[in-house]
């Protein structure tokens, strides 16, 4: 074996080792959560950890469901995030399309204004937003949770960058074929950007999925709770039932994990479909 | 179009709404559910009680109070939070209603302070937390500890030394050191702020408390488990922590969560700081209030329900019995339940201990700046334990922090 | 179907800092059914002109008429034109069938069945029927090209516009598609404006070619006329491959003195009368290598092309190219003598490049083969 | 400097589903200082071969030697080769100066001053000195091309490898750069392997050309030999533009019967002896239009190229192309008679395409111009 | 074609013609671009502009309490629109801003956040980049599996994963058990400022590394392979290829990731809120958490608003500086 072949082999080994270690580090907490969710409460208290699942998942789930309708919360979260994602994808790509493909006055300043909203901490807008929602009697509604964040700056930024990669000729072609501007957008630009839309969908879904304080304040009835709100409700002054919480966290991870697994390829190929260069 | 005040319709009718909603957390909410059921049976009205987690409810309620809309018709209010909430003007004043009902004197005197602003009262006391030390009778017996021999913290520590290394005498919850500090501070008859508003938490008593806490820790007598954590419950279940200075409301939790240990518990009064000193204090307690934003018909109904729930002996005792919420309604203390010899406490009439404490407990003035005190004490006491900070410095620093942040003088 | 009449077209782009005059005062008429090629170097304004005709750009000044109708202010979709783009611009998410039908669906009131028919028959004409259900990315370059063409044809427009439609194909395929396109246009007989920067393509395809430079139209005419009688040096230089040999010579009476020892005796000195210097042009195929002569150059490279050789020679510091017979293979470094006929000589004004003299050798005007011709 | 010896090279790509044999059993030797062009249709394995020589791909089987050294297992960086890529692959974030100096900085022990000198002189040689401080994206295609070349030259490697370096340039520029490149290679005298799919380029540039198809080397030889004496039908068809005319004819004794009424009487029937059918090939320039004759075809398109015309004709359902004099302009639809010399006829085996007969007309072997030649 | 499909087609065609007629009659809009961004402006104006302006407004006042007075009312006969004053405010000018200068806790929170940021962002981006490079290497197999495994934490809800970390690093959690099993001392993760901060760092890194890795991976795949080949031929070593090709080519994507991560970590809230509660001794309290406490625990809405304004200004400034530095060539 020649020198560089040997070096290559060492390098390959190190690379694999690194990937493996990281993959394990990423999976251990999730696996542990899974195990914890299957242990009965008293074994959970048992201070030596174990690495193989127990059998109490269903009981734990039953007691969780007894305390709060968690399945309903999952559904609420999925519904809210789903509707939000669809609407926001549409809105962001519309704005992104305009920024990428049209010339108009104050284009640059407007764009930077939008990007600027990226730094707003959501937690701190809660009070005025609640005030508004209360005024228009939207508290405890899903629309109050969905609408304010539809104009997502990251979404607009990414779609602008990606839409830039659509050849102008494609749009002109459609224009000559007699398409109106809006038809050009939804019949040509949108379908051509499919993988970017998938990537954007993941990002937006994730954003809505993680909202915590805002829905906590807006939502009133337990039937409307989203996952984080329901989770927060599990941690009161009384004893915290970690078995239930672990079941809840496990269930909370599933929908997004599925979405992520399904759209992952598109995420990689779509997120930077255009270039990030200015 | 106009600006400024717009006169609304008439305010003071006796009309009562048919339907009201109330908020509470955990056990409290469940207790209210009990009285609500009774109330609905007797009256032609519905009372919807919503149960929350503690933090979740505070955040939600606060947003609604400060935005002047969306609050429930009545809600639980912890005494600690009382003044801060009252100061915002978000809570409905009920002095007249209390006068009309003539129930002021039925409640433990010490409970009113944090629910009033001068002569105006904003909430009706619900439960209080007369303090005592719960202890694992079996563990004490096994290692020859004498509860009766404990009068002062020195005695407490001396007895504690009898325990082997793997058993701690008590727990100092790192997430609730301010609670530890506060019940002792109150026990010694202190107020956090002087009459003229100066910060008083740096006084000698406070230093003494800090020293006691630190000594407990330094002598290896204390575990440091987060309160209410699994490990914390586990330790009391296994008996690796032998004593639990706490309040009357802890009884319910112990019964619920540690049912296996029934019969192994006992109660004695908290140690004094010096021979003959006070052995009574209070930890926690709550009330019910009506937000100012609630319309009058609902207010009326809410008050009617509150009075029914809190100023009626039957109802208070019902809640005490079911969920261990120790009544602030002093007139109940003559009831038989207080003298019952409880199996859970190995036949001890433990509730009488709490009732006695309740009648002796000094009053304590919470204020709008209580959160600052809480945060400063917690932070400094943590530093004292974790980073071996000098108790005197810790207390002084805490006082200074509070003074700075609230723009007050040091006492 | 209609001819195109472009009057005084000027197009100015207002870019951020400066404004660019992309097309200036362009007058051009394309006859009904004609195949006109717009040719010129990169950036000369060909695409801009075409896009103005298509309606994709607003014109700054001037007017455009299709037949009798002034279309200057009409939208692209209302002009009844079809365009083939350089990168084909096929809709990537639609099948070939949908690509073809899209325009019909959006802008005609044909029924779905009629649309399907038209698509089918166009596909058949272009031999892409088997591809109808494929997506563009599954097709080869040539196939994509055909689909792009189909998309234009299917709409039966009155004008075809094509912007370098062949430049993405490889050499072999390009020359194949070239003939195919020509035949198609002959069959359909639709007025066509075709943009290319490749003069070979322009010569081969155009009924007439229009040469542009720097936004200005230089010359319009049949390929041969442009080749033989360019109006100026630019056109002469741009048209023809390899390019015409050009150098500056001083005029002494009827004698031209060029670089190195180059001299040439004009029998007709009229065109250079009064000029001190002229630009001399000779096309590579008009240079003949001779056994001996006064004009000598040093061979630098010989490229054998099979049917002919290109011989590159240095005349002092000037490079000359000669197309020679494949049998002739001078060696690099060798000095050769060359000559050319006066009839095939081009002369241009040194100052403005205007042609003073172009080819005058007789061209048989006969369009039929009536003499036995041999090479 | 060194020659290249490729022995039995096989390269198999293990793609996801199947493995692709990109190059199979290729033997090739390139002499020291030679300019060898690898040519073939898209996907035939040209790039793969070149990349194996460069060391960018591990070979599956076979060996590669530079001079006496076996470099098969060396990394690209240790082979002392320089490569010019189709898209130039200039480092976009470096100035031209840094692009040129990068390789020297990394792989030589030259001092910074020496590197700067070499960069300067290379830039001067290529005439890109004014561009030295620009970034690649500020350059035009031709300038980028020159920089890419400079990056290769500056390292003074023992082998130059170029993968379609001109295919991104426009027609005019491409033919200019072609000669420039050739002259440069002659000056530097570095062994060069040049890949292109454009046979014109291959013919024009190569000292020898190697024609590949489907991963298999078809023929290696000087351009003219490959043009005149292809080893098989593929090579004959691939080399030459417009392509050779090919059709199948049945053999009856010494007479060939082709499509339509086509007949041709062979004076030397030996090559077709024993074959029932043969493939007949005639290059466009060998077809002569005559006033009358038995072989007649219908003209479909005439492309005037200035110096010559391409005449496309239909012979029954076969298309024939003839290069004819520019003076000849038959009309579309006209029927013309044509003929060709037997010496310029190609005949191929119908079954495997092997050549039975190639051009036999005399070619003056003389390399100097010693006869007065005229067209 | 069955009659049913024929009918369907005919109906469809009718619909098509109707739509065409409609769009033909639409006037040629001066700028259709505004139409495309107008939904954004409507939503922004409705839901975000008011909160933002209100926050800025509040920052000049001291909050006195709730007010039930009307600020403005419009009597339209049957409908009465009543805008309440909501808050009893006392104008304090720049008082709140002046107070920030001497607010030790704010600067503590600033320090904590900066500390977490300064360690977390480089580590995370470093790991993400290393992973992206590794997973982009041609010889690595099962890329999809690894990529999925590493990116899976993204799907954990923010409260859910914070809880997991709370339990993992608990005094008796898995991590301590492992330490003991390895013969090491237990660590009181939440009792020392140092470890508590690192726990937060670990948690945030765990969640977001995979996400950033995927973005970087996408960036790497956009780098033309030929540049590496050119560098290889120029004699570049593995490191040199990284240094001279990967880094400059990836720069815009790296910048994107860095700016986003910086903003994200600056806005850290849920993790310390759930895991450490800001402790011990305020060692992990972050700016947003502190502002939140001021607003929700201490009712200092005016002051909290001033803090918000300062915070947003600081983060914007830092992002702009990052873009400037990273964007220059």
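Think of it as A, B, C, D and E in the order they're written, each chain with its own count starting at 1.
What we mean here is this: a contact is a pair of C-beta atoms (placed from the backbone, for glycine too) under 8 Å apart; a residue touches a chain by one contact, two chains touch by 3 or more.
None of these values were measured; they are calculated from a predicted model.
Considering the contact criterion stated above, the chains in touch with subunit B and with subunit C alike are A, E. Fewest steps needed to get from subunit B to subunit D, stepping only to touching chains, is 2. By number of C-beta pairs in contact, the leading pair of chains is A-E. Greatest Cα centroid separation from subunit D: this falls to B.
Mean C-alpha position of subunit A lies 55 Å from that of subunit C.
A straight line joining the Cα centres of subunit C and subunit D is 25 Å long. Computed centre separation for the pair subunit A/subunit B is 40 angstrom, with centres defined by C-alpha atoms.
Each of the following residues of subunit C touches two or more other chains: 75, 106-107. Residues of subunit B in contact with at least two other chains: 59, 63, 66-69, 229-231.
Listed for subunit E are residues 86, 172, 301, each touching two or more other chains.
Subunit B meets subunit E in the complex at residues 1-6, 58-59, 62-63, 65-69, 84, 87-90, 174-175, 224-225, 229-231, 292-293, 368, 371-372, 375, 378-380, 382-383, 386-387, 401, 404-405. The touching residues of subunit D, counted against subunit C in their complex, run 41-42, 167, 170-172, 175, 178-179, 182-183, 186, 197-201, 203-205, 222-224, 227-228, 238-243, 283-285, 288-291, 300-301, 303-308, 310, 312, 323-332, 334, 336, 363-364, 366-375.
For subunit E in complex with subunit B, the touching residues are 63-75, 82, 84, 86-88, 102-105, 170-172, 188, 190-192, 277, 279-282, 293, 296-299, 301. Looking at the complex, you find that subunit A touches subunit E at residues 11-12, 15-16, 18-19, 22-23, 25-27, 29-30, 32-33, 36, 47-49, 91, 94-95, 97-99, 102-104, 107, 110, 114, 116-125, 127-129, 131-132, 135, 147-148, 150-151, 154, 156, 180-183, 185, 206, 209-210, 212-213, 227-228, 231-232, 235, 242, 245-246, 248-249, 252-253, 256-257, 259-261, 264-265, 267-272, 275-278.
Within the complex, the subunit E residues that touch subunit C are 1, 9-10, 12-13, 16-17, 20, 28.
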